[in-house]
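So, here come the structures, one by one.
Look at the two complexes coming up: chain A is in both, with chain B in one and chain C in the other.
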Partner chain A sequence: MKQFIRSYAWEGTLVVLIVLAAIWSSTLSPYFLNSVNLLNSAAFFVIFALMAFGLFPIVVQGEIDISLASTLAVGAVLLANLSVAGIPLVAGLLITLLVCALLGAINGILVAVAGLPSLAVTLGTLGAYRGIAYILAGDAGITGLTPEYTQLGSTWVGAVPATVVLALVVAAGFGVLMGFTRFGRASYAIGNSAKASRMGGIAVIRNRVIAYALAGAMSGLAGLVWVSQYQSARGDNADGSILFVITAVVLGGVSIKGGSGRALGVLLSLVLLGTLQTGMKLANVPGTSQTLVVGLLLVASIGLPRAYQLIRARIAAHRPAHARTAALEDATPA
Partner chain B sequence: MSSITRRGSRIWKGAAALVAGALLLTACSSTPPSAGGDDAAAGGEDVKIFMAPKFTGLAYFEVAREGGEQAGEDLGFTFDYIGSDKPDATEQIATLTNAIPQAPSALVVSAIDGDAVAPALKQARQQGIKVVTYDADAAVDARDLFVNQLSYELAAQTMLDAALLNSPEGGQVAFISASPSAPNHTAHVQIMKELIDTDPKYSSFSYIDTVQFAGDDAQKSQDIALNLIQANPDLKVIISSSAVSAPAAQQAIINAGLQGKVFATGFALPSSVKDFIESGASAAFALWDPAELGYVASVAAYQLATGEIKGEEGETIDAGDAGTYTIGKDGEILYDKPLMFTAENIGDYDF
Partner chain C sequence: MAEVVGDRVSFPRERHEAPVSEQTVSIPETRSPVIPRLQIQGVSKSFEAVHALRGIDFSIAPGEIHAMVGENGAGKSTLVGIITGLLTPNTGQLLLDGEPVSFSSPLQARHHGIAAVYQDPNLFPHLSIAENIFTGQYPTRAGALDSATMRRRAQELLARLGFELDVDALVAGLTVAEAQYVEIARAMSSDLRLLILDEPTSALTPGEAAKLYDLVARLKSQGTSVLWISHRMEEIRRLADTITVLRDGTHVRTAPVDELDDATMIKLMVGRSVALEAVARDRPLGPARLSVSNLSLPGVFDGISFNVHEGEIVGVAGLVGSGRSEVAQAIFGLSPRMTGTVLVDGKPVRPRSPGQMSELGLVYLPEDRDAEGVISSMTITDNIALPSLPRLSRFGFMSGRKEREAASEQQSALSIKGRLKSFVSELSGGNRQKVALARLLATGPKVLLLDEPTHGIDVGTKAQVHDIMRKLAREERLAILMISSDLPEVLAVSDRVLVVSRGRLVDDIPIEDASQESILAAATRTGAGGANKEDSK
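The block that comes next holds the complex of A and B.
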């Protein structure tokens, strides 16, 4: 039991924060507790969720990819072009996922094989991929998509938007991938120490490239959600949304230094951010205040675990006999 | 083991108490903030209009907001200004999606991506919310009316006239736009090029074919302007339809010590170019009155919401001192009142 609480402390904190955020939101706006509206709003976050789950293994491996929103734009524009050209959805989606996976793999190869810093590499491809999207989209963007391509955005499973179901399936998929597969175990090992992993016989380069290619493919899938929800595509699609995606991953308890974090945490942090933003938007809170709240939350998410560690360490130093249990008790209310 | 379990349960009890406490606390404070919302929902006949700019915090949109607020005072409707401070289409879509459950009578929107926001606007219309676009249009079937500040042709002519006031003998012109996906900027540049090619009035100009994109960012606009000056020794005028880029380009010219030799012009808020014009570094910038534009759009939204007009072609909108306007084809209302700011009149404008 204690082990369970200790190891899922962050997820537990997120659940408490979600409850508090929901209560706060329902006091902010009388329109918050409305299941139709809540589900509509959830659909809005699917695009970011798909990118966040794609980014998750990369961060676990101790790297970063800030080009994902640009990859999404390439995917959305490509899908829109293929739709207008009359290509069936299955073929169009396959082509798009392959192209986006390739764009991701290019990042991965530059990082893993060439040994370049991932922030610099993906900063470069952030611009380059955005440029590709603009070239493919043309000046006016693309509209007039076939219903086949936009169906996902207007399909409901019971009362739940199909895109939300898709996001939950992806979340579960990444939970399994990172928790129960060799790729997952290798990712945590690489994040803890790439050097040691290499000596331990883990194919660091291959696992890195796979992680980046997978993130690219997830961005392509997010592109499908984009065109299905917004029935159009432009070169500037999702520009600037990468900060939200990184926020979701880090707030989900995935250490930016690599080596730790779970899919459940990422899912919960998305729910938390979604709850907060929906509540504030429903209450017409000014944009600057919204940005401030999310920013403070991110700082707190990095700061609180550190503070918790420091308090534990201090108490342990003072009371060696009861250190572990006492520290646990003291820290929990915070 | 049992002591650990007991301790564990104590922790959970503590946590539960904390949550319960928080619940109680927020439950107590829930009355005042929700009262406003209840009020608006209860007053059946009250007209409530939301204005959603592309993004908040840009002076141009804040001035347009004042016009909307004024319309609210004059006609007696509730006015709210909503939006994110980030210039992202997704942010605007979220803003609009979350506006719908609040059941405003009408939305007044400057679309950041006219096609991407269309599904959200259509959803609003399905729920009986009237939609008026101003400044930047959305897909035609996603809104009732579009109040267009200037027809693309008039905008292009106005900017070229401003360029002539700066450089009467003509010369080489370069263009800075916000982004390839800003349809109005793209159209402005296209028409300016055509006018230079065909209209004798502007035949003293030549132009650099490649258009630069600065994304409504002042820093980037300055960089681009400086590059343009350095790369093209014959450059005379930099023209931009971005109210951010035009003054930034003029600042870059001054920083390079080339005022009087090279000029920047286009659309800009008079407050942002007052110093340039008064110091003589620039002879003219142009715009329209964003406050009056916001006023006319809000009046149109109000009249749609109250059923005074249906939004059909040929109907007229009486906006009092701001003028009378006729709805044209595709629900478009041409505001079409360009303002040219020169040394003579720059002091008259306070926005």
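The block that comes next holds the complex of A and C.
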């Protein structure tokens, strides 16, 4: 039991923070706790959630992908083009997922096969993929999508928006993927020590490329949610949202150094970030200040585990020192 | 550290009761009762929770050659570190010619006439020999480096030592032996009272070693004391006056060299009698499990051919850097550029990746246990299950129950201490090594390539690892290739010894004919005489 509490301490903390954030938000506006408002706000964050879950295995493996928002833009613009061209949704979605997975795989190959640093590689493709999106979208962007493509955004499953259901299914899927499959086991091992994993027969390169391709595909799926919600697509779609996505993953307890973190934590941190942002909107905090808050949260979520470690190490360093001195004093007379 | 064999627990206690008598009796009996050159009194040193040295007491007489022996991890290097001021002892003191001393740096120790020369000379490669000799104490004139004086004095020193070296040559171009001469000359540049040589001949050719023996004898006649650390019995017999045996950080015995025969000395070093003859084989060798021919990797190794049979342990000896590990790693799929033929169970394979070779039942235990052998930040279970993921999963989904079963099976087979949920970082070195071995064995391999399987682990665990290897070969009928720098280990465990030198297989010695001398002679032989030698079996 004690171990269970310790092992889920991060998730528990997030739940407490969510409750506090919800209380704070509801004091700002009685409208906050209205279920329709809550669900509509949740639907707004589905796009970020899909990208965050895609990014999750990459960060577990000790890498990063900052190009996901650009991949989303390519996906959204491609879907819009296919829709306007009259391609049926299933085929259009399949093509989009494949193209986005390929864009992710290119990142993965550059990182895993060529051994380049992932931050630099995906900074480059962040620009390149955004460029592709602009070219595909043209100056004016694309409108006039067929209803088939935009249906998802207005569909409700009972009292819940379909996109929110989609996000929850994806969350559960990634929970299973990372917790109960070979790919998950391999990902944690790679994040802890790629060298020792390789020596243990783990196909490090293949697992990395798979993680990046999967993240690309998830961005493509997020692109579908985007066009279904906004009924249009432009080259600058989701520009700048990567900060929110990375914060969600790291605040979810996924160490930026790799090797740890769970899907549940990512889900909870998305809820927390969503609650905070909705609260700030209700409080009329300007968007720029909201970015400041999210940015600070990212730094804090990277810094807190480190600070905790330092404090523990400090305590540990002191304790045996006393024990050692005592032992020596005992030994000296003999 | 509860896993100790036999009398390892009792021995230190026995020693603590009578440490002083042992040592004060032996030295004055053989030497005139002069003040010792160096007296080590009750020196202890701990690193975190590990006791590297406990209550070391012994003396080195003026002008004697004092051999210090002990297994890896016995505390020899720590003691040298303390004597030369690299480390500070937790308790105890040193008396140099009767005066208590405590050095804060090797340079300070050198000013008091104590210097150490290590196996790998510690020199500045891009400076000249003369500059290296006078590092830290350059002769100056009016504040500027007086290079003429420096060169002249360096020349004198080298001449006095009988070395013919150009003082202007850069150290980078020297052989290991020559670099050691420079180190010794550097030590001589101050008034030398105690010279410490840490396994100086392990990288030297027999001819170079003989020259070093002459030099040490000459130093002795000039009244310098020498502390000689070595694993080689024959050179201890030839040179030393007195022997000190350390084991597991404790002082076991100091005695005149003729009072200890080799068997006694080894027994004191390891704390038990060591059967150096290979254990009799009850079943004949099976077919070749691993068979390689003409393996080459440009610039690393060339024309390597050998077989390892079912039920056989093949030792691989050779100097560090000879290409031993690289051959094993390439067979494990880590160097896809390698050319040549690899047959596993008679089937040709192109080794491309460790995953592929593991699937075929061939696994490799890396030398660097903590960086490559285990994942310290994960649990014992996770570590053991990792290479067996294909076996422990169905359609890509893991079975937690199967993982725990596999882990606990290995835990009891290898008697790994600790709970399965413990992080590997919490374990002792020996237990970490067992986890590294367990994760390979859990895959159910047919061929084991072990790179320094007992490197840096305590004597008790080492014996356990040897037993495990024998059992795997004799009973489970695995084919084992063991790379080791520890020649007694190679001799004790192997059925056959391959010797690698400069990327070539230079000898294949049946265990009956193998000895430390024959292996070392082969390992240090230059040239390709025996290269491409085909496996005789």
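Definition applied: the second predicted complex is superposed on the first by the 299 of 334 C-alpha atoms of A that agree within 3 Å, B and C clash if a C-alpha of one lies under 4 Å from a C-alpha of the other, contacts with A are read in each partner's own complex, and residues count from 1 in each chain.
Just so we're on the same page, a residue touches a chain if its C-beta (ideal position, glycine included) is under 8 Å from a C-beta of that chain, and two chains touch if they have at least 3 such contacts.
Here the structure is a predicted model, which is why all the values come from computation and not from measurement.
Because the two structures share chain A, they can be overlaid on it, and in that overlay chain B and chain C fit beside each other without clashing. In the superposed model, A:A186 lies in contact with chain C only, and not with chain B.
Taking chain B and chain C in turn and counting the residues of chain A each one touches, the greater count comes from B.
Of the two partner chains placed by superposition, A:R314 touches none, neither chain B nor chain C.
Judged by the touch definition given at the top, the superposed model places A:R198 against chain C, while chain B stays out of reach. The superposed three-chain arrangement places the nearest Cα atoms of chain B and chain C 17 Å from each other. Chain A uses residues 328, 332 to touch chain B in one structure and chain C in the other.
Those residues of chain A lying in contact with chain B across their complex are 1-2, 5, 16, 19-20, 23-24, 26-31, 34, 36-37, 40-41, 44, 47, 134, 137, 139-141, 143, 153, 229-232, 234-241, 277-278, 281-284, 286-288, 290-291, 325, 328-329, 332-333.
Of all residues in chain B, those touching chain A in their complex are 4-5, 7-8, 10-11, 14-15, 18-19, 22-23, 26-27, 29-30, 33-34, 37-38, 41, 50, 55-57, 80-91, 93-95, 97-98, 100-102, 113, 115-119, 139, 179-181, 183, 186. Remark: chain A residues 3, 180-186, 188-189, 192-193, 195-203, 259, 320, 324, 328, 331-332 touch chain C in the complex. Residues 44, 46, 48-49, 90-91, 353-355, 357-359, 363-364, 366, 371-378, 382, 385-387, 389-390, 393, 396-398, 421, 439, 443 of chain C touch chain A in their complex.
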